[in-house]
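See below for the structure under consideration.
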Amino acid sequence: MKTIGLLSVLFTGILLMIAVVDFPDWGDPHSPANSYLSTHYIEDVEEETAVPNMVTAVLADYRAFDTMLETSVVFVAGIAIFAILRSIDGTSLAGTTRRLQRRGRSKKEKRKGQGRNRRDEMVAAAEREAAKPDLIVQTTVRLLMPTIQLFALYVIAHGHHSPGGGFQGGVILAAGLILVAMSFGLENTLAQVPEKLSLQLGNLGVLIFAGTGVLCLLLGANFLDYHVLAAIYPATDEIMARSHSMLVVEIGVGFTVMSMLYLIYANLSSHGDLKKGL
Amino acid sequence: MRQRPRKGVLIAMDTLVMTSQLPLYAVLASALAPIPLILAGRNPNMREAVTFAAGFLKLWFVMKMLPPVLEGKVLEYTLFEPVAGLPVQFRVDGMSMLFALVASSLWILTSAYAIGYMRPLKEHAQTRFYVFFAFSLSATLGVAFAGNLLTLYVFYELLSMSTYPLVTHHQDAEARGGGRRYLTYLLATSVGLVLPAMLFCYLKSGDMTFAAGGFLAGKVTPTEALVLLLMFVFGFAKAGVMPFHGWLPGAMVAPTPVSALLHAVAVVKVGVFCILRVVTGVFGLDFLEQLDLGLVVSFIAGFTVICSSLIALSQDNLKRRLAFSTVGQLSYIILGASLLSDLAVKGSMAHIAMHAFGKITLFFCAGAIYVATKKKYISDMVGIGRRMPITMVCFLIGSMSVMGLPPTGGLISKLHLLLGAPDSGRWWLMLFYVVSTLLNGAYLLPIVFRAFFKTGKHFDAGTEVQEAPMFCLVPLTLTAIGSILLFFFPHLVFELASLMVEGS
Amino acid sequence: MIWQFDLIILVFLVITSLIALRVRDLMSAAMILGVYSFLMCLLWAEMGAVDVAFTEAAVGAGLSTVFLVATILRTTRRSSD
Amino acid sequence: MDIVQQAPILMILCPFLGAFAVSLAGLIQRRWCYPLTVLFTAGSAYAGLGTLIQVLRTEGGVIRYRMGGWEPPFGIEFRLDALNAAIALMVVVVALLVAIYSRQTVASETAGKEGHFYTLFLLLTVGVLGISMTGDAFNLYVFLEISSLSSYALIAMGRGRAAFSCFNYIIMGTIGASFYLLGVGYLYIKTGSLNMTDIARILQEHGLYSSNSVRIGFLFILIGVWIKMAFVPLHRWLPNAYTFAPSTTSCLVAPLMTKVSIYVMIRIMFSVFNPEFVFGVGPRSDLVVWLAVIAMMVGSFYALAKNKLKMMLAYLVIAEVGYMVGGAWLANATGLTGAIFHILADGLMTLALFLAAGAIYYKRKSYNIVATKGLFGKMPFTMGAFAIAALSMIGIPPTCGFFSKWYLISGGIEAGHWGFVVGLLTSSMVNAVLFFRILERAYFEKPELPYEPGRQGKNALNFVERKGVDEAPLTMLAPLWAASLGLVLLGVYSGVVIDFISRYVNSVGFQ
Amino acid sequence: MLDLIIAKFNYWVYIVLMMIGLYAMIAKNNYIKKLIGMTIFQTAIMLFYVSIGAKQGATIPIIDHHGDGGDHGEAAEAVGHAVETAAHAAGSLDPDAYVNPLPHVLMLTAIVVGVATLGVAMAVVQKIHDQYGSIEEDEVLKRIKL
């Protein structure tokens, strides 16, 4: 395996290096990539969409379809991890685990003797000790949480004008939840934000995105062609309609990303039974 | 070498092509029969009635096509066009007609015989048997009516598939082995040889429709033509040219009506029919003569004729002996075609019909003996003439037809074949025919002789006459009579055969 | 865009990636991967790709590491290579 | 809203929105998932028909759908021509049939997770459908990832070695997708565009074909899709992954994933690049055809050595990939036509075979070929359909397998590549041996259940042998027979389909 | 030659990173190590894309409003060096002043895809650990053969 790996890696590497010779210089403003599509985006983005952050504009409007699918990729990942790890009836997965672990351990014992096992136990005990809720951590998290969430909301809402948007905001929200789950225990967090709710939120997020698109369809334009939505928003022209719709869409992205990443963490850290986190 | 008259080509241009749905109906008559057959499956009488109805319906459709064909018309019907400019198409001409007539009339007799055979032996899954029987008849007619190579190939494969359940009807270890051999030979040759040959032809000539004088002339180099010809001759393994004859004795595990059908009507005849079609319709006699390729085929076929007759001599199982006899007789037909003379080709065509009647009689007799006495081996049949005189008389008639003795139809076709040899300028090829006729006699006549004039351990002087059931007896008598009738009235057969040679 | 700065980060990237793969303790590897991601995020920010850098900081250096740690705690910490 | 104009997007929106509807329904009442899935895939199939008709009617045979109304190189577009309209329709039809079929298998194999299963099922359909419809190189990558991620999950839900083989699949799949992404990046750095048509135009106008990075970009895209389609020697991940997946998953994944990768390969080769460039350097195309021949041999002979029905079929998928890649690389129009037609034909064949295997598993609780013993008596309808599919796989007329082979062999002869012709014929024969071995067992032997070490205990005890005919339920038989009859119909009407496909092939511009 | 190395050093390093990641994916025995390799591999490709979009002397792709905010909400903070306000008012920006936003958009997507794949892969690793009690490839293979 090592030789095959090395050979194939060398092969790809050499190929790629041959190609690099042919590349335009790094940072060349007049390379084809920097002078064709990007010129259009840079020059016309504000006129066409009224959003100064080009990345947001391209992400949520020109290539909004990509973004919608990307959101659903997160959704797929959440569902996928759930489908793989989660044990519904609680017997099949857990049962085999225990049996196999026992078998595995007995083999290990035979091979390496008792000492290793005792050390394992000590490590486990230390881990158990460390896993106990810590007052300092909890207080800090209590203090931090509102700031984190506020910042996340700012990132989502202000994505038009500064770096950020639905993704980043959603990830920060999820990180906040995960922080809580780590310091207060997963069960406590799940009591506040249950699994079902986050799944529903995840669905809701993509549906907000896709729904905006379908609304455009219903109003007679192509999918995700926001300009027709001017008919719905009060007092906006077609260009501002794009800008507003992008915000709506970003909020949808934020919902999905937050809830799905949170769910992924919940499943991964609790090994699919959602009982005990890290 | 004598130049063949060019008349045929001229006639071909004059022939009227007529669109008609009759060929389709004739094929569908048996292809759709399985539906009522399955529905009536629980009631044997009803089921057999359906079979007969389908048989007569089919024969009627075929007969309806006879007058226009005799007038020299070609009936055409396009089914669908899978490849642009290359439809799956029926074209009914004299040759198709001859084969279709033989097949559809013998189907009725075989069905009747099947009743007499299957019921007393209490065979299982009889409905399935009749269903696939009907399917294979459809495929046979499809081959007969095929207007181009593609169609021919399609129905050829369908025939292989639909006869497989028949061959392996007993579903035991022996049937399994035989069936496996059957499919291995047929599929390997058709996929491995015919398909590429066919595609090569198509790519070289851009055509596939059978035409008088063929469509390959001038399109391929002599070497290519030789390879293609060999691929076709060996590829249509149903014709049993050695060394691809191995499936035939293997397929003897089938119930006798199936063997009869395989040997006399459907499968092997389809093989030689295909070769005849390819020789006349794809290469064209002129083209082959020009390249002098007939001789190669002659030798292959001649070798098979002699070899198979010798093997037949050593067989004790009656059905196996008949099987090897069939292998030989098939190569007669191919040998005739390879002579490339009008006379011989006509004879080949006629021999399909003549041999069909003769050989089916023989198989029917073998089956009847099995039904009545459960005897399979020739050594056990000494003196059986006392027990089953009618059967054995018919057996004698069948043998005579196969050997080509008067007053049976076999004589007439064999005469044509024989005379075809000097006609093509290779009189010494007659040797093959003469030697093999003698051998035929050597392996068939002793059976009859010993049946009547000797006493064996099973049948002594005191044996009472106890024939097979009527359903067995009547068909075999009818086919035997048919063989004799063909001696006196061979006109229709030859008219159709000459239509083929001249018009095709 | 300051290429000297760029070059230094790139060198560190290669070093961290190699260490992340060499270390036998998976937990350390996960942490070093976090460092790697953070360096990558710096690099992108320096190249003007602020949005990407932001996302990488949150996702790569943050969540990925958490996921890795979670899995390592749920399976085993040691690696044979 | 003009329904006809919007047909392409509706085709993809149906399963997309359906996925979320099913996901929500799964939270409330799991019974609703199945009918909803069928409903949404049926809607998609209906829209697919509409799209096809629209393509047929349009002047020039190309319809374009702009996402968000933006001009193509700036926004994303769907671009449907004769090539992908047919393939997209095949995809939705397969999805619909599998959806109908899935009722019992999903309930029994992934009990309690129906909602998630169907959500992933629909998203996988979205991914595959999107790959076949989009005209944007990067959008294709996103779709590729959606389909991959959902197929990872669907496969990992299986039993036995599923997780292990799924991990290998993830590693290989990620390498494949990343290589594709890398290749697109290389094209982007030279052309500055992501739209396929636009890339093709720029390559042409600026004469970039001789550029090394364009060539290597092309190569990376190729290697990427080859990994995705399990082309020899990159095929090792496939058999295990397909074998241990739940049967519904393999029914959906096996006919779609590899075929769609082949579509991507053809699209990149002939729509983004052109034959002149692709076959410009002589020995290279020859080499690929030889690889394809090896793929056929490896697939067929390994399949022969396997005693698990599904494993066998999985190896056949590898062989079939060889057919199609070889056909596309024969460098002539006939071969390409054959390859494209074979995508459709093989999609249906593989579907029918896997459906039958699933039905057998459902009734006999084993994939071992011993379990097929005597099945003609037990499950006559399932085996009948299986036999038709097997005949198509062997290439017996009038099934479509024959006609696709017809074109492939013609292409091989035309190109003078005898190795390919012989390889294809050999592989057909091996297929014949393979399938008749099973059909023989099913026909001649007495029904019997194999002893499988892993399946003793609870499951084995639950199995009660019933007397007489013990056929799969109608919801499984109906799609199975639809697929099998589809094979015959596709064969009979192959003329029409080929006509349609040749519109694309003619536009490619072979000399 | 030196020119070549200096002008494109970013690309060289990305190739090195990619090779490291790819090698780990193929050759490492530990599943988590493979996944770490996968992350490195993917980020290397992202680095490549972002490098495509880099421009000498350009600023981040957010249009800088010098006090003319008003209708478009509040003005963003001034970042980087100045952009001609006059040119902006006329509606035509200098394309050389901003880096190419398109690769950024693409890589945002790629990052998300990367983390999604990582998550799914880790779930599978946990399942493998359940079944075979190990996350070393050779150990798992041994268990399967048993």
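Going in written order, the chains are labelled A, B, C, D and E, and every chain counts its residues from 1.
Simple rule for what comes next: a residue touches a chain if its C-beta (ideal position, glycine included) is under 8 Å from a C-beta of that chain, and two chains touch if they have at least 3 such contacts.
Composition by chain, UniProt nomenclature: A = Na(+)/H(+) antiporter subunit B; D = Monovalent cation/H+ antiporter subunit D family protein; E = Cation:proton antiporter subunit C.
Quick caveat: nothing in here was measured; it's all calculated off a predicted structure.
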How short can a path of touching chains from chain C to chain D be, counted in steps? 2
From chain E, the most remote chain by mean C-alpha position: B
Quick note, more Cb pairs in contact for A-D or D-E? It is A-D
Taking the mean of all protein CA atoms as the centre, name the chain whose own CA mean is closest to it. D
If chain centres are mean C-alpha positions, then the most distant from chain D is chain B
Per the C-alpha centroid definition, the whole-Å distance linking chain A and chain B comes out as 73
Could you grab the centroid distance between chain B and chain D? Build each centroid from C-alpha atoms only and quote it in angstrom. 43
Could you please state the distance in Å, as a whole number, between where the Cα atoms of chain A are centred and where those of chain E are centred? 14
Overlap residues in chain A, where contacts from two or more other chains coincide: 16, 20-21, 23, 27, 31, 33-35, 37-38, 41, 53, 55, 63, 66, 70, 73, 76-77, 80-81, 84, 163, 167, 261, 264, 268, 271
If a residue has to touch 2 or more other chains to count, which residues of chain B qualify? none
For chain D, residues contacting two or more additional chains: 138, 142, 145, 149, 152-153, 156, 163, 182, 188-189, 194
Strictly by the criterion at the top, what is the full list of touching chain pairs? A-C, A-D, A-E, B-D, C-E, D-E
List of chain B residues in touch with chain D within their complex: 80-84, 88, 153-154, 157-158, 161, 165, 168, 171-173, 175-176, 179-180, 183, 187-188, 191-192, 195-196, 199-200, 202-203
Residues of chain D touching chain A in their complex? 1-2, 6, 9, 13, 16-17, 19-20, 23-24, 27, 65-70, 73-76, 110-113, 116-117, 119-120, 123, 126, 130, 138-139, 142-143, 145-146, 149-150, 152-154, 156-157, 163, 182, 186, 188-194, 202, 211-213, 215-217, 219-220
Would you tell me which residues of chain E are touching chain D in their complex? 22, 25-26, 31, 34, 38, 41-42, 45, 48-49, 52, 102-103, 106, 109-110, 113, 116-117, 120-121, 123-125, 127-128, 131-132, 140, 144
Within the complex, which stretch of chain D touches chain E? 138, 142, 145, 148-149, 152-153, 156, 161, 163-164, 166-167, 170-171, 174-175, 178, 181-182, 185, 188-189, 194
Where on chain D does chain B make contact in their complex? 391, 394-398, 402-403, 405-406, 409-410, 413-414, 421, 425, 428-429, 432, 436, 440, 443-444, 491-495, 498-499, 502
